[in-house]
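What follows is a pair of complexes built around subunit A, which joins subunit B in one and subunit C in the other.
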Partner chain A sequence: MRAWRRVTALARKDLLLEWRGRDALVPAASFGLAVLVVLGLVWGGSPEAAPPVLWLALLLASVLAMGRSAEREDEEGTLEVLVLYPGSREDLFWGRWLALCVLLLALGAGLWAAQVLLFNAPTRNSTTLLLVGLLVAVGLSAVGTLLAALLQHVRAGRLLLPLLFLPTTVPVLLAGVRLTEAATSGTPAGPWWGVLAAFDLLFLLVGPGLFEVAVEG
Partner chain B sequence: MVRAFVVGGTAALVALGLLLGLWASPPDAYQGDYVRIMYVHVPAALASYAAAAVACGAGALYLQRRQPLFDAWARAGAELAALFSGLTLLTGMIWGKPVWGVWWAWDARLVTTAVLFLLYVGCLLVRGLADDPERGRRLSAVVAVVAFLDVPLVHYSVVWFRTLHQGPSISLQGVKVAPEFLVPLVVNALAYLALLGLLLAERARLARLEWER
Partner chain C sequence: MQPLDPVTAEGLGRRFGAVVALEDVSFRVREGSCLLLTGPNGSGKTTLLRILATALRPTRGRAWVCGHDVVSEGHRVREVCAYLGASSGVYGGLTGLENLQLAADLCGRPRERVPELVERVGLQPAAHRLVSTYSLGMRRRLALARLFLQGPQVLLLDEPFVGLDSEGARLVRELVSSVKEQGGAVVLATHDRDRAGGLYDAVAELQAGQLVQGPGLVAAGRI
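And now, the complex of A and B:
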């Protein structure tokens, strides 16, 4: 089977299981909504507060979502079988990464809509925002796929995930906030497209190789 | 023989650094005696970056070759990166309170050092909490590599986040260092790097003994 077929088959498997069980998206989206409400309450629901709150909520909610695929495979013991199939193990990374990208995009879209309603945030330049969301999802999924696989066989791994994930993704959070502000209020975007692209590129380059090391044995 | 020479030389260099920093250096016109904290703070920061680089390099080599030697150095590097970045944060705060008036400022360097500290603490936790020691070695090497590659990005994004929004209230960039401060600083930096090298070698030796046991 060619590599892209393996990748899409794996992503399809993850998304299908998610669609049937909805055990990652629903808890993560509910948690993200809770973060939006609590932060809005504390900071006051002005439109200026919306971009940081949106991306912070997505970042925190994605921590819940990203461990699920690895966990499912652990529960069912499917990883061993997947590793035994012919072909590169990097495809396992790309499959999970693709599924997580789709999941995070859906999560981001939901939180964005909630944030528009709750914070009365402007909806200008939504195509630019979609592009920002796409780049953020790509970067977060790359880090998330790698870290989730890494922490699968570590005691208290679920607790360590945010400790490693949140500091690592600081550039994504900051870039997301600034680019959203730029899109909705017309301030200059500065170097942030570059920061986001560099982050995505870095983790897409090192992610697959390090993932292989994490899932072996 | 060589080891005694290295230990003696490092001790002498650290003592010389202390002497220069505590007595030879004049108090600063604005900061007074607080400037002496700089002689510990800046070298500790340098040592933490150097230790992180060692952890990353040795970790990458371990992932490639799987030899105990590289793991020992990666382990030593990660522990010392956490130690020296923690020291950097601590001394920075002690200096910041009297000079800046605050314990903490959201300056890019502070945030970067805090991120470095957190990631290397995570690296040590992953090693300690892994199911079996071999997995711990592998996974902590992965974290060390990821952390080292990510830290420059964090640094620049924090610089831009603060400056584009509301210029940084305090920046060290404008400070010119006069020779009477520069000499103790350089001597202390060399002393800390020598100390780092010694601690790395000793920790790596200990790690290899543990491995053989």
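And now, the complex of A and C:
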């Protein structure tokens, strides 16, 4: 109960700061939209191109939102205060992860709406697409939260974050694309649900423990 | 055997690469007392406080806070200990009230106490303003309110008087006194001995990472 109170308080704090500052979502959404438009021009805006373009745009745009919470803590010198509160330091991971999940879901919803307009993409099986979006957001947030903490005190950490984040999340990108294609065309999804779920589970299991090590003095 | 004193350090040391920040520091602070930690810049005061607060691991020696080892039982230490460092550690994008509500949620205290504490530290008129509009002294007062909220058994203060006016300094004194009266212990690092006057029961001086006793200094129950 106490852990839940801590996690929700931390997530609420991150979302409130984002709402007031708009320094992660707005740049990420603008960049994602730019990627959609550019790739739409390159591939001619055909509906078949919509799934890879959507998830690639989300992946690239999410890089901009990943480290913002950690950067804020750095700028304000608040991380030390956070880690010295009573309670498990793993709660800090879950709080950041939850806030990032909400941000990525909002970002994904916006980009999905844009690609429907730009690519005339089919919108059937929206429940399945929502579930894919949720699992993608969960996985990307777990990796992003962990990497941002690991690189927080590393010189040039902001440059290293995308270099580590993009290759690590390739399974999420592939699963997102294949599952979206399967949902919109009605073809079998193959092993991709399992791949996506396993990826999420792995990072949700190892993330909190490694995060705790990363924030220790 | 677990030490019974609220704060005990034995042979504590910390290196940052080749730099020795703290070397073989041993002392104890008894119940209901305050240890004043002095020494020039870079003498290891902040490093010592951060180790006791579990923000930093020692590279040698051991320390206990309320009988809990600061390395192996850090989570228990954090239950009983509060630390105020050089940074106030408050969010500029939140209001004063929101910062304290967050603190209440994180340390498991009732949110109902927050308005009373805002008033106690004299920030009531600015409670609904973003902290980014606060002065340094107001931020420090907010940080003090967080310590009042935590109500620790062991209080670790690093230059708590910086940026505070006389009313703010009175709040520091009130906080230290309340911890002492409840049988807790305080370690106070400051260069401002005038403002700390009457608060401390013993003085320990650090020089180049080592605990020394200068003339006229009272040992803080050295082991």
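The working rule: the second predicted complex is superposed on the first by the 216 of 217 C-alpha atoms of A that agree within 3 Å, B and C clash if a C-alpha of one lies under 4 Å from a C-alpha of the other, contacts with A are read in each partner's own complex, and residues count from 1 in each chain.
One rule holds for everything that comes next: a residue touches a chain if its C-beta (ideal position, glycine included) is under 8 Å from a C-beta of that chain, and two chains touch if they have at least 3 such contacts.
Worth saying up front: this structure is predicted, and the values here are computed from it rather than measured.
Colleague: Identify the partner contact of A:Ala114: answer first if only subunit B is touched, second if only subunit C is, both if each is, neither if none is.
Modeller: neither
Colleague: Given the touch rule stated above, what does A:Leu146 touch, subunit B (first), subunit C (second), both, or neither?
Modeller: In the superposed model, A:Leu146 contacts subunit B only, not subunit C.
Colleague: Contacts for A:Cys101 in the overlay, against subunit B (first) and subunit C (second): which applies, first, second, both or neither?
Modeller: neither
Colleague: May I ask you to decide whether A:Val136 touches subunit B, subunit C, both, or neither, giving the answer as first, second, both or neither?
Modeller: So A:Val136 meets neither subunit B nor subunit C here.
Colleague: Pick one for A:Arg178: touches subunit B only (first), subunit C only (second), both, or neither.
Modeller: So A:Arg178 only meets subunit B here.
Colleague: Report for A:Ala198: first if it touches subunit B alone, second if subunit C alone, otherwise both or neither.
Modeller: first
Colleague: Both subunit B and subunit C contact which residues of subunit A?
Modeller: On subunit A, the overlap between the subunit B and subunit C contacts is residues 216-217.
Colleague: Could you list, by residue number, the parts of subunit C that touch subunit A in their complex?
Modeller: Against subunit A, subunit C makes touches at 50, 53-57, 75, 78-79, 81-83, 85, 87-94, 98, 101-103, 105-108, 130, 146.
Colleague: Quick check on the complex: what are the subunit B residues that touch subunit A?
Modeller: 63, 111, 114-115, 118-119, 121-122, 125-126, 129-131, 134-136, 138-139, 141-143, 145-147, 149-150, 153-154, 156-158, 160-161, 164
Colleague: Give the list of subunit A residues in touch with subunit C in this complex.
Modeller: Those in contact with subunit C are residues 2, 5-6, 8-10, 13, 16-17, 20-21, 72, 76-78, 80-88, 216-217.
Colleague: For a test of understanding, state which residues of subunit A touch subunit B in their complex under the given definition.
Modeller: 146, 150-151, 153-157, 160, 163-164, 167-168, 170-171, 174-175, 177-178, 190-192, 195, 198-199, 202, 206, 210, 213-214, 216-217
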